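Two complexes come next, and they have one chain in common, subunit A, joined by subunit B in the first and subunit C in the second.
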Partner chain A sequence: MRKYKGHTKLVIKPGSTDEVSKVLKYCNDNMLAVVPQGGNSGLVGGSIPVYDEIVINMSRMNNIRDFDEVSGTLVADAGCILEVVDHFLAEKNHIFPLDLGAKGSCHIGGNVATNAGGLRLLRYGSLHGNILGIEAVLPDGTVMDDLSKLRKNNTGYDIKQLFIGGEGTIGIITGVSVLCPQRSKAANVAFFGLESFEKVQEAFRAAKSQLSEILSAFELMDGQSQDLVHAVTDKKRPLEGQHPFYCLIETSGSNPDHDSEKLEKFLEHVMSEEIVSDGVLAQDETQVQSLWSWREGIPECLGHWGGVYKYDLSIPLPELYKLVEDTRERLTSAGLVGDDEKYPIVGVVGYGHMGDSNLHLNVATRRFDKEVEKKLEPFVYEWIAKRNGSISAEHGLGLAKKAFIGYSRSETMIRLMKQIKDLYDPNGIMNPYKYI
Partner chain B sequence: MPTPLKILVPVKRVIDYAVKPRVNKARTAVETAGVKHSMNPFDELSIEAAVRMRERKNPPVDDILALSAGPAKCVDVLRTAMAMGADRSIHVEIPDAGQGQAELEPLGVAKLLAKVVAEEGPNLVILGKQSIDDDSNQTGQMLAGLLGWGQATQASKIEFDDGDRVSVTREVDGGVETVRFPLPGIITTDLRLNEPRYASLPNIMKAKKKKLEKKTLSDYGVDEGRRLKTVRVEEPPPRKGGGKVEDVDGMIAKLKELGAI
Partner chain C sequence: MRKYKGHTKLVIKPGSTDEVSKVLKYCNDNMLAVVPQGGNSGLVGGSIPVYDEIVINMSRMNNIRDFDEVSGTLVADAGCILEVVDHFLAEKNHIFPLDLGAKGSCHIGGNVATNAGGLRLLRYGSLHGNILGIEAVLPDGTVMDDLSKLRKNNTGYDIKQLFIGGEGTIGIITGVSVLCPQRSKAANVAFFGLESFEKVQEAFRAAKSQLSEILSAFELMDGQSQDLVHAVTDKKRPLEGQHPFYCLIETSGSNPDHDSEKLEKFLEHVMSEEIVSDGVLAQDETQVQSLWSWREGIPECLGHWGGVYKYDLSIPLPELYKLVEDTRERLTSAGLVGDDEKYPIVGVVGYGHMGDSNLHLNVATRRFDKEVEKKLEPFVYEWIAKRNGSISAEHGLGLAKKAFIGYSRSETMIRLMKQIKDLYDPNGIMNPYKYI
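Let's look at the complex of A and B:
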């Protein structure tokens, strides 16, 4: 990001829930502000100490506590790295219901605290459904032990839901129990080139109706995002010609023959109906990974020139891409986009989780420039508010979007949120200056 | 006028390169049931090399024949080969007796290929230098011996001159070696030769209509003639984790303890 710089004099690395409790109690009694920190892979500055807050880093709490092979319930410390947990589950033929580009460094506690969405939300749903229980420490040191392993539990208010996506503002998550699905035996990945956003929508509809239960990801990438990935990595492109839009679809299921048959029919359909202009199908696991790298590599490649303005938005599907076109036109006509050093902006690109109506609008810049920011904000937020979208689909509010919550939430909703914050954290020591 | 090429490319279906192989419970073979299989990566290079020769048109390529010998599922890798650009294929079916027992040995494969060459009349055979499952690196050489043809192994570059001669650059210890031989001949491929293409959807569709012949070993009068018996298969011992030392003195003490200094 290169946008945020932390200012702290003290980092505490507790090794147990009990230690977290003692630390928080001390801080609360002495009115010391704290920032819970996981893998520090967030994009909105939620884990950054803004002034002199004490960082509570969870990396030492990295034990997998329990796994039940029958129900697929995993109980683990908050500081476990997502990829480590997923490898552990892979040995047992299960999969973590969340996958994202930063899996090698992000913590599952942080994933839950930010309600991360990721690449397979389309298939496995949001963490609000997959998290069965949470162990958290409240600011006054109270340990909230709600590590339920039950799928159903209609006994009163579901308090743990407040911690999912709570971004560490009412307590620190120290452990989670997660419902993990069976890992699919067969996975296929296809990569398409398409000539318009209308065709992308047609392809999405066809994928939903023909692949239905085996469809596990439908990702959109615009032509410019792929051009920039190519410019940075210089890898061989999957398709020969260039196309305005690209899609990556993944299927996963339990029976390779059944999946292949469905997928073949679908591919034949989208080719013969000319919904897609060109496409490839991965023939082996190496190609699967290499095709995914054209999607997962985008954020990293965009940072090649300097900073990136990242917007993570929920927009009704038919207008999903129009925001990118409007923003691109606005910045281009302001004379900010160009190929050489004179211009602050390298490119305006759109990509994201088509299956979840979630667009990432990214503006890759050579340097941070006030002029760019003025043109972008509040323009993007106003655009979203007009269409009843969300200004933060899966990245959270953090520091970056605190001021803009009003574009997506009504005054009443914000008031209710503030009441909760005041109830759990009356001294306001938890992750201050952020969220609401 | 150079002689048109007729190319034979044998391909093997192996456990996918990215999958970690596991030893079966009886410790007699690697577990193959329910494991993702793909085309041997070196054979992908061979197909790509053949297709690029066709695209270069000098000399012209009349035929690219892919061949696989193994269980029924080998059809998948042959379809991939044809989607990449092979014209037709032959599947020599060897009923799967399970757990690697039905697999041919390199000499068996070479004898089979010699018969196929006699029947189909290719003047160039491009093979992967080895398959990633048994790492034998023998079939190409044995085939050259059986046919009495020239061979260039581990090719990283292939060039044709105006006559019927092929120059092949091989990566050897400390540098490269260029060898030249007249057709007909054998080439085995190495990693740096090319980057195989993806199978495009239109080509996958076309591949379905290409000819795929079914044969058996007895059609070629070859018996399986296995000479080796796998006694036992074991996984490598797990790596022991490293340790951290506090300072330079600690490191020296540790090295002494291990007898390294």
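Let's look at the complex of A and C:
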């Protein structure tokens, strides 16, 4: 949205945990506000200095410290780029338990600080389960040395968990220890067209039951999102004809023959039962990439006309897509959506991680228009609150969602969170004006 | 060990979260110490009233509140018995992501409070990843209502994580929301004899690589543990002849044919490469249970002669078994181990969750003998500290390990933990004399 513009007079690039400690201690003693910054790829303004905060950029701390091939435990600096780490692990026949669009620039420290979700969560679970240890520096310069490589350690409160999703408000993560799964020998991708969201749910249930342990992604894209990708890229569509909904299914497993057999059986089932209308199975790595591009390319394509209002929401599955319909209806009847230049909105689309009940509601616009924002907020947040959903499934709070946390959290929970913030950062120097 | 004897004049059995809240508020206002108690099956004295604490027993809060078959999310009272919940889930084609020997009496609230590990962790990961929400009552009576059913919710600090493994020292868990996996259609169990711990490690690496996504347990038992089980039960051994080490491997998956094929291929590999000396594959459910009994029966059989010193340790895999050898050597050369009544120790055995680097070192004794304890402690803890292991992998701290936390945690971490304790329980009424 080009919504936030950073203002700072100083960017510090520490090269070690000790340097981070000295910098934070100095800032804390002198009441200087700081903003920790990883790859700066967040979507809620969390890494932006709002007034004149000092930016502490972690990019120089980018060493892989240790990897154990038997247990799959990786220890690395916070400033390592996700894709670099994943390539390193690929050579060792392992993968990072997280993958997301920004992998080429985001830092693993930032991933942990924002509790990133992404494309592999369905299979490998959340970072709260996969992060074995964290080294972080507290505002007063204390180094929290909890870089455990142990899978099990029941000796006291699991304090590092507060830093997973803490968005740099109680300390700066300088190193992480991560449990990395073995890389699968086989990966398959299928792409479907479906006639309704009911069919999408049926397909998801069938995939969970029949693909079970090899299912590694179940992604949803609506017809409009694919129309807009097509309008921008002009690439040949994966399927003939058009459908209201599309799904991308990925499997990964240790035996290519077994996986293919399971997937073919699944395809036969969903085709013969008319759960899906049409489908295609990638035949090689190029086709795998090409099919994924229809999902991963959405965010960039939507920005083609101007700015995009992005909402990252958790919604109970049966109602997941209803929000897109309700929002589209609301904006359309307000006369804000159309093909013509005179309408501010190009389209209202929904896509996301169906397997995690995580919807990305995106409104692609031609220009900033106050009316659009007024119609969207607090409408979207109220809609979510009514269904006990989350107003930020995986993007975090940052600056953008700070004011809206009350739609997803009770007063009690917010009070308990503020206690934690006050405990660790009594001077309020860490990433101020944001989060809770 | 019959080491702890509870002393209390009052056991309270609340029937609702509101009643827990009123009880705790009263106790907090009047400075009365309390001990939360689930199934009372812990091994570190965590649920024992040390002096005259009031016991708050959760057994009356045993309702399953909600289950959603599409997402697999279960919401249940803390006092539900694990096995009851697992049977309920079995009917719905799902399983609880945790299994352990005490399942017939332990409570799921207690499992979460102690961050129980158990037999399914290798496959489904830790409770830090699988618990979606927690309802807990704080010492001042505040109800922390964080019973989220969402798989993703990045809106603020994940405070519920402090209660996972908090051992009832900052509040009482009254309800949990859990992500439950689909129940596998096929389950297979194999049992091996191996000549050395090096071979055990080779077998583990082969299992990770070849069984990969269907591997659900890799358990280790040493020869002495099996000798003692045999001495007590007099059952026919699964394999002809005797071996220094045994492993039990379980697979579970969605396609019985595929799983059998993978397992047979794996068996062929480890037999032909002489990684294992002998092996057997369970042919039916009775044999599955029978093979598991050689692993699950160990703790009970070891108690046959008297008390058992139990250590639950995380150790980097290559050195996992060395502790058993070193301890056995130490106790034997001190003249404490023998077949005869005159020796206090019957045997020093090692077994555990190889897949999680989690060893159970057990010393079976005929009677209490001060010399035995003196030789064991702090020797075992110092041995662990030197290798950056954990002195409590899955049993927790409770009363038994409180004094030894310094062997696994730095002064900084202990200080940060005490801060948390003081923040939530300033009067120190919750499970005092224990934990940190």
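Assume the second predicted complex is superposed on the first by the 435 of 436 C-alpha atoms of A that agree within 3 Å, B and C clash if a C-alpha of one lies under 4 Å from a C-alpha of the other, contacts with A are read in each partner's own complex, and residues count from 1 in each chain.
Simple rule for what comes next: contacts are C-beta pairs under 8 Å (C-beta built on N, C-alpha and C of every residue); 3 or more make two chains touch, one makes a residue touch a chain.
On a predicted model such as this, the values are computed, not experimentally measured, just so you know.
Undergrad: Going by the contact rule set out at the top, does A:Leu239 touch subunit B (first), subunit C (second), both, or neither?
TA: So A:Leu239 only meets subunit B here.
Undergrad: Regarding the shared-chain residue A:Gly279, is it in contact with subunit B (first), subunit C (second), both, or neither?
TA: first
Undergrad: Touching A:Lys9, do we find subunit B (first), subunit C (second), both, or neither?
TA: A:Lys9 contacts neither subunit B nor subunit C.
Undergrad: Kindly classify A:Gln201 by the partners it touches after superposition: subunit B alone (first), subunit C alone (second), both, or neither?
TA: In the superposition, A:Gln201 contacts subunit C only.
Undergrad: For A:Lys401 in the superposed arrangement: first (subunit B), second (subunit C), both or neither?
TA: A:Lys401 sits against subunit C, while subunit B stays out of touch.
Undergrad: Specify the partner with more touching residues on subunit A, choosing between subunit B and subunit C.
TA: Partner with more touched residues of subunit A: C.
Undergrad: Is A:Lys342 touching the first partner subunit B, the second partner subunit C, both, or neither of them?
TA: A:Lys342: touches no partner chain.
Undergrad: Using the superposition on chain A described above, determine whether A:Ser209 touches subunit B (first), subunit C (second), both, or neither.
TA: In the superposition, A:Ser209 contacts subunit C only.
Undergrad: Applying the touch criterion given at the start, work out whether A:Lys370 contacts subunit B, subunit C, both or neither, answering first, second, both or neither.
TA: Neither partner.
Undergrad: Considering only the defined contacts, which subunit B positions touch subunit A in the complex?
TA: 16-19, 34, 36, 38-39, 41, 80, 83, 195, 198-202, 204-205
Undergrad: Spell out the part of subunit A that touches subunit B in their complex, as residue ranges.
TA: Residue positions touching the partner: 185-186, 190-192, 236, 238-240, 267-268, 271, 276, 278-289, 291.
Undergrad: Would you tell me which residues of subunit C are touching subunit A in their complex?
TA: Going through subunit C, the ones touching subunit A are 68, 70-71, 114-115, 117, 121, 125-126, 128-130, 142-146, 148-159, 161-162, 164-166, 170, 182, 184, 201, 204-205, 208-214, 253-255, 258, 261-262, 314, 316-318, 353, 356-358, 388-397, 401, 405, 408-410, 412-414, 416-417, 419-421, 423, 435-436.
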